[in-house]
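Just so it is clear, A, B, C, D, E and F label the chains in written order, and each chain counts residues from 1 on its own.
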Amino acid sequence: MRITRRETFNAAHRLFRPEWDDSKNLEVFGKCSNPKWHGHNYTLYVTVEGKVDPHTGFVLNLKTLSKIIATFVVDKLDHKNINLEVDFMNGRLASTENLATGIWEQLEGPVRELGAALYCVKLVETENNYVEYFGNDPA
Amino acid sequence: MRITRRETFNAAHRLFRPEWDDSKNLEVFGKCSNPKWHGHNYTLYVTVEGKVDPHTGFVLNLKTLSKIIATFVVDKLDHKNINLEVDFMNGRLASTENLATGIWEQLEGPVRELGAALYCVKLVETENNYVEYFGNDPA
Amino acid sequence: MRITRRETFNAAHRLFRPEWDDSKNLEVFGKCSNPKWHGHNYTLYVTVEGKVDPHTGFVLNLKTLSKIIATFVVDKLDHKNINLEVDFMNGRLASTENLATGIWEQLEGPVRELGAALYCVKLVETENNYVEYFGNDPA
Amino acid sequence: MRITRRETFNAAHRLFRPEWDDSKNLEVFGKCSNPKWHGHNYTLYVTVEGKVDPHTGFVLNLKTLSKIIATFVVDKLDHKNINLEVDFMNGRLASTENLATGIWEQLEGPVRELGAALYCVKLVETENNYVEYFGNDPA
Amino acid sequence: MRITRRETFNAAHRLFRPEWDDSKNLEVFGKCSNPKWHGHNYTLYVTVEGKVDPHTGFVLNLKTLSKIIATFVVDKLDHKNINLEVDFMNGRLASTENLATGIWEQLEGPVRELGAALYCVKLVETENNYVEYFGNDPA
Amino acid sequence: MRITRRETFNAAHRLFRPEWDDSKNLEVFGKCSNPKWHGHNYTLYVTVEGKVDPHTGFVLNLKTLSKIIATFVVDKLDHKNINLEVDFMNGRLASTENLATGIWEQLEGPVRELGAALYCVKLVETENNYVEYFGNDPA
C-alpha cells in the first residue's frame, strides 16, 4: 500500500555553475541561468510505502507525515532562495533533479522512524515538467 | 500496456473504532472522527494491465470496464455512508487505505474475467492525499 | 480590482424537507436525499472588490482575509455535518445555493470592516457544478 | 462575446517598500518580503471583448493575440526578477494587483489596434489566490 | 444567484470558408484549416441565473438542466463532425465563438421554460483558450 | 531518476476496421467509429530514466527532449487526422493503446541517443481515460 501527501512551496532559484561565466551558463542553462533569479510554485508529492495498521486503517497518520515534510522540507524552502538559503542544497546545482534528491535525503530517515518506507519524491516545477526520485540513484 | 479509467463518487464517512470512546477516537483520528460524519468527493483511478487485442487495438473495452466499476464499486458507494451502507466495507474502518483494498477485492475477479489483470486502485480523497493499492498486501 | 482567495473544506450533508417523508424527498432530491448522509470536498472562492492601497499594493492582506474566512466559515464547516452542526445553516435546506448565501452573510460584515466589499461567493460542490452568489438576491 | 487566452510565465519577486527596513517589511508583508527573493509560476488570462467577424468567425485571431501578449508581457516577465528587470514595473511594488495593472496598461493599446477591447486581466499567483483587473480603477 | 453545470464532448472540426481555396484558408486559419479535420475535447459551462426556490433550495434542478443540455447540445455534438453533422451549425463557420452562439440559441428557450434565465455559455476548446457568450451580441 | 515532459496536441480520429462494415464497427467501437470522425485534445507525458549529470544537474536537457518530441511526435500529430495523415500510424487502428505504442517507437531511439532511456509514454485521451506504455509489450 502506498500513500501520498501533496505539499506546495514557492521559491526562487537559478541554474548556473559558479566556475562558468554568465555566457557559458546562458549557453547551457538558457534563461534559467538569469543572474537576477526567477522562481516557481513547486508541488511536492511524497509517497510512502508500508503495511496498513489494523488498529487505525492507516499506513501512517497523514497529519504526522505532513508535519515531518513541513519541518524537514517545506519550512526550509517556502519563500526562500534555493541557491542561497537552503542548508541541504548547499553546494548543489539547484536543478529539479538535485532538489528532489535533497528532499529524499531529508525525508528518508524521519519516514523510517514512523515505521514506513519512503517510496518516491515527485517534484513538479511547472505544468510541463516534473521529476521522480526513488532513492536508488547513487549520483 | 496499462489502461486507466477514472470514476468519481461522493460519500459520507467517519474514522473511528467502535470499542473506543469519542475522546480516544478524537485523539487518534482528529476531526475525521466526528460522530455526525463528514464526506468527500472521491476520485477513483482503476488501472488494468494486459496485451493489446490486435482486432480492436484495445487492452479491453473501456465502456465494459466502466460498467463493471459502476456495478461493483460506484453504485455501492455514490451518495452513500461508507460506514453504514456499503456491504464490502462492513466491519472495516473506513480509511482511504481500507476502502482502496475493498475496491480492489470487488474488481479483481470481474477484471480477470475480461481477460486482463487489475494492476492498481488509486483513490484520491482530497487534493492533498491519495492511496495506491497494488494487491500485494496481505493485511 | 478584485482579489480572490480559495479555501477548501469537507462536509457531510443531505437534501430533504423534514415535513416530507423519505419517498417524497427521494422524488424531489434523488440520491442527494439519502437519510444516512453523503458528503463533498467543497471548494470556496471568496472574491473581494476594492481599491489598491498605494502603501501595500494590496486590495487587502490575503492572510487577514484567509483568517476571516477560517473563523466565520471554514472552521464551522470543515469535517462537519452541514444539516446538524453549522449554526448559520440552522433551519435551512443544505443546498449549494443556500450554503453560498449563508457564507455570504457570514463574510459580508467582516470584509467590510477590512475596508473592502465582498463581491462574490463561488462554491464548487463537484467538478460538474458550482454556484455564484453576488448578494443581490433577497430570497 | 469574450475570448480568453491563457499564458504562463515564471518569475522572482519580493514585496517590500525601500523606505522601510527589513523588520517593518517583514511585519507588513511576511515571508513575501524575503530580501533574497522567492518566485512563482504565474498564470495569466487575458480576456478580450468584441464582435464576431462574420468572415472568420473570430473576435480576433488568437495567434495574433498570443504574439502581442508575448511581446508586451510574457517576454518581459518570463524567467525575470519583477522588481529589478521589468520596465513597466519600475518603481512599483511587485504585488499581484500592481502586476495585473501593469499588464493591463501594456495590453490595452495593442488590443484596441486589433479592433477589440481588453476586458479583463486575471493573474493567478498560486492555486489559492488570484486578482482580476477590469481597467476601471484609477489608482 | 447563478448556477453552473459543466459538460464535456469530443468532436472533429475544421476552420475554413468554402468559397476560399485551401491556400487562402491556410493563410487565415493556419493548421486549423486542415482539410482532413482535427478535433478537441470541448468543455462546456452553462450558467443559469434565477431566484432560489424556497421549497427546494435550488435555482433549478441540475439533473433537469443536465438532461436539457444533453438533448439540445451534447447529444448533437459528441463524437460528431461539427462542420458536417450538427444541425444548428449548418452554414456556420465552426469557430469556438460561433459554436458558443449556437449553443446559446439551443439552450435559451428550454432554460426559460424551466423558470430561469440563461446567463452565460462558456466553451473551452483547449487549456489555453475559451470563449464566453452572454447572448447580447446581435452578430 | 525519472524526468517527465508534458506536451499536447489536437487531432481527429476514428476507430474502425476497414474490412468490417459500418454496423459491425458501430457494434464494436460505438460512437468512436463515426465515419465522419471526431477528435480529442491529447495530453502526452514522456518519462525518461537516467543518471543525473553532475555538471548540469540534469538527467537530460528538457529543451532538447521537447524538440525531439516535437520533431518525431507532435508535429506529425497536431491538427492532423490520425487515420489518414500520420506516417507511423499507417495501417494501425487509431486506438489510444496503438498510438502510445507508435509514439514509443518514434521516441525510443532518439532518447537513447541523448544518453537516457525512454521509461514510459502516457497518453491521456479524455479526463476519464489514459494509457501507459513501458515498451515491454511485443504486440
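Definition applied: a contact is a pair of C-beta atoms (placed from the backbone, for glycine too) under 8 Å apart; a residue touches a chain by one contact, two chains touch by 3 or more.
All values derive from a computational prediction rather than experimental measurement.
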Shared interface partners, meaning chains that touch subunit C and subunit F: B, E
Counting one step per pair of touching chains, how far is subunit F from subunit B at the shortest? 1
Compared with subunit A, which chain's mean CA position is the farthest off? E
How big is the rotation relating subunit A to subunit E when the fit is done on Cα atoms? Please round to the nearest 5 degrees. 180
Would you mind checking which chain's C-alpha centre is most distant from the centre of subunit D? B
Matching B-F in over half of the residue-numbered contact pairs, the equivalent interface among E-F, C-D or A-D is C-D
Using Cα averages as centroids, what's the distance between subunit B and subunit C in whole Å? 28
Numbers and ranges of subunit F residues touching at least 2 other chains: 127
Name the touching chain pairs, please: which are they? A-B, A-D, A-F, B-C, B-F, C-D, C-E, D-E, E-F
In the complex, the residues of subunit D that touch subunit C are 15, 17, 28-30, 92-98, 100-101, 127-134, 137, 139
For the complex, give me every residue of subunit E touching subunit C. 1-7, 47, 51-52, 54-59, 62-63
Listed in rising order, the residues of subunit F that touch subunit E in the complex are 8, 10-13, 31-32, 34, 36-41, 78-81, 84-85, 126-127
